[in-house]
Amino acid sequence: MGCIQSFRQCCDRPKNTNVRISLPAVCFVWQIAMIILFGIFIRYNEESDAHWIEHKTSNNISSNIENDFYFRYPSFQDVHVMIFVGFGFLMTFLKRYSFGAVGFNFLIAGFGLQWALLMQGWFHSLDPMDGKIKIGVESMINADFCVASCLIAYGAVLGKVSPVQLMVMTLFGVTLYAVEEYIILSLIHARDAGGSMVIHTFGAYYGLSISWMLYRPNLDQSKHRIGSVYHSDVFAMIGTLFLWMFWPSFNSAISDHGDGQHRAAINTYLSLAATVLTSIAISSLSQKTGKLDMVHIQNATLAGGVAVGTAAEFMLMPYGSLIVGFCCGIISTLGYIYITPFMEKYLKIHDTCGIHNLHAMPGVIGGIVGAITAAAASKGVYGTEGLANTFDFMGKWKDMMPTQQGGHQAAGLCVALCFGIGGGIIVGCILRLPIWGDAPDNSCFDDDIYWELPEDEENNPPTVEYNNHMRNKF
Amino acid sequence: MGCIQSFRQCCDRPKNTNVRISLPAVCFVWQIAMIILFGIFIRYNEESDAHWIEHKTSNNISSNIENDFYFRYPSFQDVHVMIFVGFGFLMTFLKRYSFGAVGFNFLIAGFGLQWALLMQGWFHSLDPMDGKIKIGVESMINADFCVASCLIAYGAVLGKVSPVQLMVMTLFGVTLYAVEEYIILSLIHARDAGGSMVIHTFGAYYGLSISWMLYRPNLDQSKHRIGSVYHSDVFAMIGTLFLWMFWPSFNSAISDHGDGQHRAAINTYLSLAATVLTSIAISSLSQKTGKLDMVHIQNATLAGGVAVGTAAEFMLMPYGSLIVGFCCGIISTLGYIYITPFMEKYLKIHDTCGIHNLHAMPGVIGGIVGAITAAAASKGVYGTEGLANTFDFMGKWKDMMPTQQGGHQAAGLCVALCFGIGGGIIVGCILRLPIWGDAPDNSCFDDDIYWELPEDEENNPPTVEYNNHMRNKF
Amino acid sequence: MGCIQSFRQCCDRPKNTNVRISLPAVCFVWQIAMIILFGIFIRYNEESDAHWIEHKTSNNISSNIENDFYFRYPSFQDVHVMIFVGFGFLMTFLKRYSFGAVGFNFLIAGFGLQWALLMQGWFHSLDPMDGKIKIGVESMINADFCVASCLIAYGAVLGKVSPVQLMVMTLFGVTLYAVEEYIILSLIHARDAGGSMVIHTFGAYYGLSISWMLYRPNLDQSKHRIGSVYHSDVFAMIGTLFLWMFWPSFNSAISDHGDGQHRAAINTYLSLAATVLTSIAISSLSQKTGKLDMVHIQNATLAGGVAVGTAAEFMLMPYGSLIVGFCCGIISTLGYIYITPFMEKYLKIHDTCGIHNLHAMPGVIGGIVGAITAAAASKGVYGTEGLANTFDFMGKWKDMMPTQQGGHQAAGLCVALCFGIGGGIIVGCILRLPIWGDAPDNSCFDDDIYWELPEDEENNPPTVEYNNHMRNKF
């Protein structure tokens, strides 16, 4: 008890937001570590190595177009846009935290993807012949996916943490992700093409648990900055739309060549379309005069993409996708209206971007939909070969039944939840240490803490520390 | 006469902009209808169904890369960006209607694409074996195309209609589109890869006719809001550029595999490049001191893409594409300078985004260019097989001559015009009914009617109804 | 001496910024010239011509998917986005020059790509059978690449030149580019997939030399406009991110089918990730309190993509890419802090966007890295066939050794430097003539000179010349 007391006191010392030593130190040390580890472990796989031309001959591959690059690279680029522009701009809605939203998103994604290549490589792509990790286009997509879970978590703590905390959060987040992904996909043999469980459920609960651990009782000292201005809402719509448009690529990026990718794209496309209508309907219903709220349009419209993630490559049927989207639009919007304020008031979880509504609930729904769809699969609907192919009933899992697969899917969802909540609590404890340079309660959601701001007649009364922000001056 | 009089009186009752009942009702009813109809009618086609693996074997398809997904999905994603970011942001130029531009664009596109899948499916992809519509990536592209015509129509009435009116307009627009598309492409056997006639001519005249029916004589009460601010013009450039850049994908998305897609992309690329130069030239000429007008740069630079739509897959020749772009840049910019004000003053057609200049005139030009290019086609230029392939002179149309095809193209253009104008007048009448919640004349072009606006020190003097727009409050 | 004196006097006459005659004249004359030259010279290549179907049969090509379109079109679209949105928005950071940044970028790219198709065609794709240039998707990518070098040059003179000067600069820039590209790639047989030398080194020194020739001693009369506002920095991040995300497509767009494209994408992806971390580290270190500077985030984070350009398709190894990115992030950020102000003060080179740090230094580093990597290539690493394939040791170059290739790479770098500096000085002289309508020293970086600006309560006190900027008024 005394221990916790002194920990708490230690954590509540006055804040020092100067990150001039810690941020560069973390960046340099980690980047150098990456170079060393990449030097030891990471090599090109056979499709990106110069020996491909010989590999092609010896494996009787008729054409360069059979290189996995051509199956997945367009989807990879779409996913890449979602990670950097989608997540980055979605968080620019705050009136004075756009630099932090898009800039720190950039920083942690850039770091996270390198660490993800290593962590995921150790679990999935280690070549037993030479002990090296072999990477290709699918590795890059998976690294981006992994980073996505950390960016989701960032949404919960947006504006309340320092870049150093974000780096630490990402380091642990990627590590936890790789482990839970290995357990869910390889050990439990659950399928999760679009990552409803692996990415969204894990990432969201990881972020929410951290936010809970970092709860600031006096945050209303900064509440005048928790809001948007007209143009910051338009910027956020850039993020929303790029996420919305490219979600079919996200859910289909690593599913099976051929019908798997094709079907995943269609299901996601339909689910998202339905979500738009129900989000807007509930948003309008929730206001006295039927006005729409930009927060709902920016976020809840995406819930259908999250929820259809696991089942996207299954024979969910077009109407099934619409139903999933229909429900999630309603649930997510209601979440923004009722659950987010409830969580803040009673559970002491402050969720800046409302990731509980956009990722946590739809992610769990997605896991459940996936389990049901898998359990209901039949040879009649999939065909004998199609069933084995879609659920990867091969090798060791040759004799698995769809109903069993449903159970495994549900088990996967539990693992994602446990890792998210458990990991988040532990990492949250670490991040409470008073050494990370986070902002005091009255300076949250303010770019001025970590960014040189332009002198800005309109928004920003000239601050004491005058920034002329010229490109060409000493 | 008395009937018209009383209709008019009925329509001119005071406006009530509360859409709290009507908007959610329309969204829910239509979305539920979609789910039911999708359940009855829509299934995956053989390339997106899990039976693909068996289909591949039985049809002797050597590789998954032969799945249509890999031919068309990258183009689909580009088209998708044009629909949601392109059209959405192009309309954000108004100083206080950016939410409505990008948000309602999102709403009607999300609804429209579902209805389009059904309508187009009934006409084009109904499987006679089981009475189901089979969808794949090409259906998604076609649904996006169909929605594009309704978004074009939205441009004419931007800021003057309610979201409920937009939903009704889209319902009828998609229906009319599917019928005219069936007549033009299947019955008349006209070719229209990029939709100059089917999408742009139809959509633009549909929107203009509706705008004519909804003419507001007292609109100058809102004229201080018909203008841009500096940053809203920059936002609009995002829309312009994504439309401009991805137009080659738009025009090539559903053309023939191989040389058809390749040629359509090249022709569009060149035509658009030429349009930029002539738009800028005319814009500069039109001002006393040679200054450029952002309206022209945002819109007229795109006219070349519209006008090359029909002929993009033909052997238009690179210089032919440049000539088309050259002329359209001039005509479209002159349209903004002379025709739009003329139409407003004398024809009582108020065209907020100037779609007459960007879509209607270039669309008609595109139809004519297509007819001429088709009529001039020869075996020398196309090769015997190439000619049959490009113009689909197969089956029932085996003995068709290029000159005949030219006539059919011209007939297609007339059908598009008739459907656009006729349909627009009828739908416009329906939309005049005083039940749709549109804004009074002095509140047009104002997001405040349908959106919760952030308190915004800079642009927006705090309104009586104070919106604190916090994400986390009840 | 007297001659130089009178030239200088002639150049220093009072400025007239009216471009109402010159700009339209240049646009029309050049566009008409393009149409004529395209009519004489440019035709579709065999993959985009309607004879493809016959070509396929006679060349025993099994499927339409073997058309180069499907190998390169997705990358082309990404490159296209980089040219128009990437470069365009990257330059919108100035508080009152966003229209000029994105608008003139649009103009010169639209013109430049046409001229590039011709110039590059004469050197590379002239069909000896009929004397025609045959174009396809690779030609479009190359034209976009060529234009990129001119847009880089624009970065140095942003805000200080007229659109007419930019057109002249582009005309000469494209011409010089095509010649140096021919010398470097064809005569010297250097490899340069991502254009570190051909595009970035050439373009940057071309722009810097022009900026040197156009040096304005009294530019501090405009220095209050050399800075950003909050939202203009967010707009610039759109440019940054689209450049950053799509750079893997840029570097892989024209490399070899199969492993070449695959490897180039991986190397670029990794290099860029490392750059983000070191740029941010140095940026934070450079400020007293560890705050980050948006200028560095917007620009220096991209340096890794430039520097890995030449070696992207080589077996640089994943850790090699990280090292390149690591170093360039540091060097580029230090450049912004120390070298740009030094160059302005002592070398009389004013570099608005800091292209010396983003393109010139990383480009030279890229050339050197390419030379070293090529010289160190071995059959062990590449495989016998892979080595010949990667370095194109075929035909006339069959017996070339990797060490020799290293020398050729270095020679290529020198050629790029010479063409950039030499060409820039000559073109700069031409642009000093007082006939081009450039702005006086006290009106630089101001859109008001060349654009009709919206009346803008917030940023822009109503000017004498009142612009109501309505779309619908005479």
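A few comments on the model shown:
In this document, chain identifiers A, B and C correspond to the written order of the chains, with residue numbering beginning at 1 in each.
As a working rule, a residue touches a chain if its C-beta (ideal position, glycine included) is under 8 Å from a C-beta of that chain, and two chains touch if they have at least 3 such contacts.
Being a predicted model, the structure only gives us computed values, none of them experimental.
Subunit B is reached from subunit A by a rotation of 120°, derived from superposing Cα atoms (nearest 5).
Look at the contact of subunit A with subunit C and you find different residues on each copy: under half of the numbers used there are shared. Each chain gets one centre point, the mean of its Cα atoms, and the points for subunit A and subunit C are 33 Å apart. Counting partner chains per residue, subunit C shows two or more touched chains at residues 62, 65, 70, 74, 231, 238, 458-459.
Residues of subunit B that touch subunit C in their complex: 62, 65-66, 70-71, 74-75, 78, 95, 223, 226-234, 237-238, 241-242, 244-246, 248-249, 257-259, 261-263, 265-266, 269-270, 272-278, 280-282, 284-285, 287-295, 297, 301, 315, 317-319, 322-323, 326, 336, 340-341, 344, 350-354, 381-383, 385-387, 389-390, 458-459. Chain contact summary for the complex, subunit B toward subunit A: residues 17-24, 27-28, 30-32, 34-36, 38-39, 42-44, 47-54, 56, 62-65, 67-70, 73-74, 77, 80-81, 84-85, 88-89, 92, 96, 98-99, 102-103, 106-107, 110-111, 113-114, 135-137, 140, 163, 231, 235, 238, 437, 449-460, 468-474.
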